[in-house]
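Two complexes, one shared chain (subunit A), two partners (subunit B, subunit C).
Then we have the complex of A and B:
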């Protein structure tokens, strides 16, 4: 409880500090809107030209797009500490100050940043979800709402785990390895579309190694009434948990890596 | 003239220093290229289009290969504006606009060629229907190289206009991000312009952003036949003159009321 209170307090302070430069903040938020709007526009134009992708119609595709962008940008907004400057903290040796404080490292990293500019991205994703669910004529039930919440939560945790990989590499190599971003941002771009779009190697990558398909696409497809892989209903509820498992594995690696941590600071 | 040439050379040498970073960037870009190609391939199996798939995949690879040409800005200049050391540049016996124009040109040209060569080789080696096609004709290829050079001049002029905003507002992260995103969309990086609705294409291809990569790529794939190439190059040339002119006037106006930061 104390941790959550601390987190909320940090968020309040950080948001207040960002609002000190209102014009820059407004323009950057607007830029986020243009960015995500552009991505959405690409999907709309593709749907306009091609009408469908395998068994997925226009509404389905908007729904998948919305699911991914809501999940990804919620994570980038509230988990900015991990998705943003975690590698930077390791590289500059600023992580040292975190180690002497009486709180967990991860808690402090989470409390170190927030990115309210992402609100416009989340809004675009939300709009895509609403439009998609309308066009695909989804009949919402309590179970479907619950499953979607589970998918978004587990997806967020998965994304946090993916971003932590870069921080782990940083502990060993000091130099930031941007290659890892291929998995995070590449995963986002790829999994805006349902997993069966891709040839086998990419499908395996995003199902087994970075399980976006299990956390987002399997529940998403079930909500749309077109279950993926022909899996039974209970499997749909279990599969998003893979995101938590993934994070747990990475968290274990991080703990191990921290034992090797040597400060780079002066 | 010699001074500008040596500024160009210095910047080029500097850009060649970070070859390790280039490899990471290339792998990232290749990965994104593969994802995009997979999406368009899946779309094409459902409903083939008038424009052949090989043109679309080539479009994707050429866009990815020259990505660095679009998004590269001079971090030193932004720093100088913010810290006030731009005052030193004002003392140089050189035109400020020209000096930074050749610098950004060296950066964009070297950076993108360094990445484009390995990426295009890789794309050529990919199996049929995934990779980069050979140019439609020898004439088309020659025109597209000329078009690419004009595109480079265009993007450098655009970059300097963006920098003009930075001089005015000191912190232009917002404005810079906004203009860059507009560029990514309208240059065809996010979605090939050839897949935009046909009625939109007629307008979009006339905008300055389409002159950067879209125009040369169409000449390469043969979507624009070599016979209409002179007209395309003329449009590009007009935009180069226009954007450079606007940039020069903008920078002049900025220099008159430039606030030097620092103390």
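Then we have the complex of A and C:
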């Protein structure tokens, strides 16, 4: 409770400080809209040309796109401390400042940044979800809403875990941005489309190693009434938890790695 | 047992060096940043920690503040092992890094303090009294609503100090606090540190390259070089060992004054002014002054001990640092 209060207090302060530069803030928010709008346009063109991809119709594709966008950009908005700052904090030794305060490192990193400019990306994703839901004629039930919330939450936690890998590399002073980006931003771009459209190596990568398919596609497909892999209902509820497991493993690695943390300079 | 207790502290860093042939193969070199360092500090002490760049000062501070895990030895601060009980430990300490800010860049410093209040879980009453006290002592009243980025370096250091002392730490670490400050800011800062040490009983450990800081503040000084402790004691005792030169400047009323001095003492003359240098071990200063006065009417006379920075440089040289 206390931690949440600290997080909200930090967010208020960070947003106020970003609004110190209002024009820059406005323009960047607009730029985000153009960027994410472009991504959405790709799906629109695809649907316009092919009408369907395997068993997935236009509505389904919009829905999957929206699910990924909302999840990814909510994470980038509220978890900016981890998705944007964490490697930088480790590399420059700024993490020292957090280590000398009586709060968890993860709490403080989460409290160190917020990115409200992503609001436009989230809006685009939200629009895609609504359009997709309408076109695919989803009959919403309480269970489906709950499952979608679970998917978004677990997906976010998975994404935080993926970004944290880079911070671990930074402890050993290895530059690895490209490698990790393939999983984070690459994962986002790839998994805007349902997993079964990909060849086997990619399916394995995004199901077993970076389980976007388990956190987002399995519940998404069930909501659309076309269960993936022919899994039973209980498995659909369990599957997104893989995102939390993934995060937990990475967090464990990070804490182990921190023993080798060397800080920098004087 | 003393408040800070350090026994045989060891820290090694592995440095990877690029070898000429083959970009993938790197040679590893182990640097012993700290070797068997031991010392004790009692509560309420003000301890200066000096040594050339790369001696291991910051590494010691980082281990004592729980940032780094050592490779050997024992450390307790107030009975706690810093890196094992990090959260309990850091609640009782304050740290100011001279070149790294702990406040938030774009917001008024008062907003930063409000957030620190939540981070350290300071009660509202405690916060109010402590903030008022520090605001007055550090003269921050007019700056509270100014964003950190608009403060001068001196103002910023005061703001940092306030932030690191809000939770009333038992122990304060200062890493080169006077670096880059002007004379007025330096004097103000030293005065404040003395006040904090005396009035609040805060134990202060200070690393610096500015010997004036040590002269003004620290009854006890510790010298570190190549990761080893080389000296621990009073500043006077340290300087006594290397204090080997006196410089006397004298101005006479008449131009032709020529004092009789023992042979071998270098004399330089500039009109009516004479400068001589000698070792206080060989000649008593009183005798020198008597000889100078005997030669003519003295208008002005100053005796200077060796410049303290030179002393320290000589000391580092002799210690082969």
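As a working rule, the second predicted complex is superposed on the first by the 260 of 266 C-alpha atoms of A that agree within 3 Å, B and C clash if a C-alpha of one lies under 4 Å from a C-alpha of the other, contacts with A are read in each partner's own complex, and residues count from 1 in each chain.
Just so it is clear, contacts are C-beta pairs under 8 Å (C-beta built on N, C-alpha and C of every residue); 3 or more make two chains touch, one makes a residue touch a chain.
Just so it is clear, the model here is predicted, and its values are computed rather than measured.
Should subunit B and subunit C be called a clash or a fit once both complexes are overlaid on subunit A?
Subunit B and subunit C fit side by side in the superposed model.
Does subunit B (first) or subunit C (second) touch A:26, or do both, or does neither?
In the superposition, A:26 contacts subunit B only.
Looking at the overlay, what does A:34 touch: subunit B (first), subunit C (second), both, or neither?
Touch partner of A:34: subunit B, not subunit C.
If you stack the two complexes on chain A, which partner ends up touching A:45: first (subunit B), second (subunit C), both, or neither?
first
Looking at the overlay, what does A:198 touch: subunit B (first), subunit C (second), both, or neither?
Only subunit B; A:198 stays clear of subunit C.
Angle subunit B-subunit A-subunit C between C-alpha centres, in steps of 10 degrees?
An angle of 90 degrees, rounded.
Scan A:256 for contacts with subunit B and subunit C and give back first, second, both or neither.
Neither subunit B nor subunit C is touched by A:256.
Check whether subunit B or subunit C contacts more residues of subunit A in the superposed model.
In the superposed model, B touches more residues of subunit A.
Report for A:93: first if it touches subunit B alone, second if subunit C alone, otherwise both or neither.
Touch partner of A:93: subunit C, not subunit B.
In the overlaid three-chain picture, find the nearest pair of C-alpha atoms across subunit B and subunit C and give that distance in Å.
10
Return the residues of subunit A at which the contacts from subunit B and from subunit C coincide.
After superposing on chain A, no subunit A residue contacts both subunit B and subunit C.
Where on subunit B is subunit A touching in the complex?
The touching residues are 21, 24-25, 27-28, 31-32, 34-35, 38-39, 42-47, 49, 171, 173-175, 177-178, 181-182, 184-185, 190-191, 195-197.
In the complex formed with subunit B, which residues of subunit A make contact?
21, 23-28, 30-31, 34-35, 38-39, 41-42, 45-46, 48-54, 177-179, 181-182, 186, 189-190, 193, 197-199, 202
Spell out the residues on subunit C that touch subunit A in their complex, using ranges where they run on.
Within the complex, subunit C touches subunit A at residues 13, 53, 57-58, 62, 65-69, 86-88, 90-91, 93, 95, 97-100, 102, 104-107, 111, 114-115, 118-121, 147, 175-176, 207.
Which stretch or stretches of subunit A touch subunit C in the complex?
Touch residues, subunit A against subunit C: 2, 5-6, 9-10, 13-14, 16-18, 20, 93-94, 96-97, 99-104, 108, 259, 261-263, 265-266.
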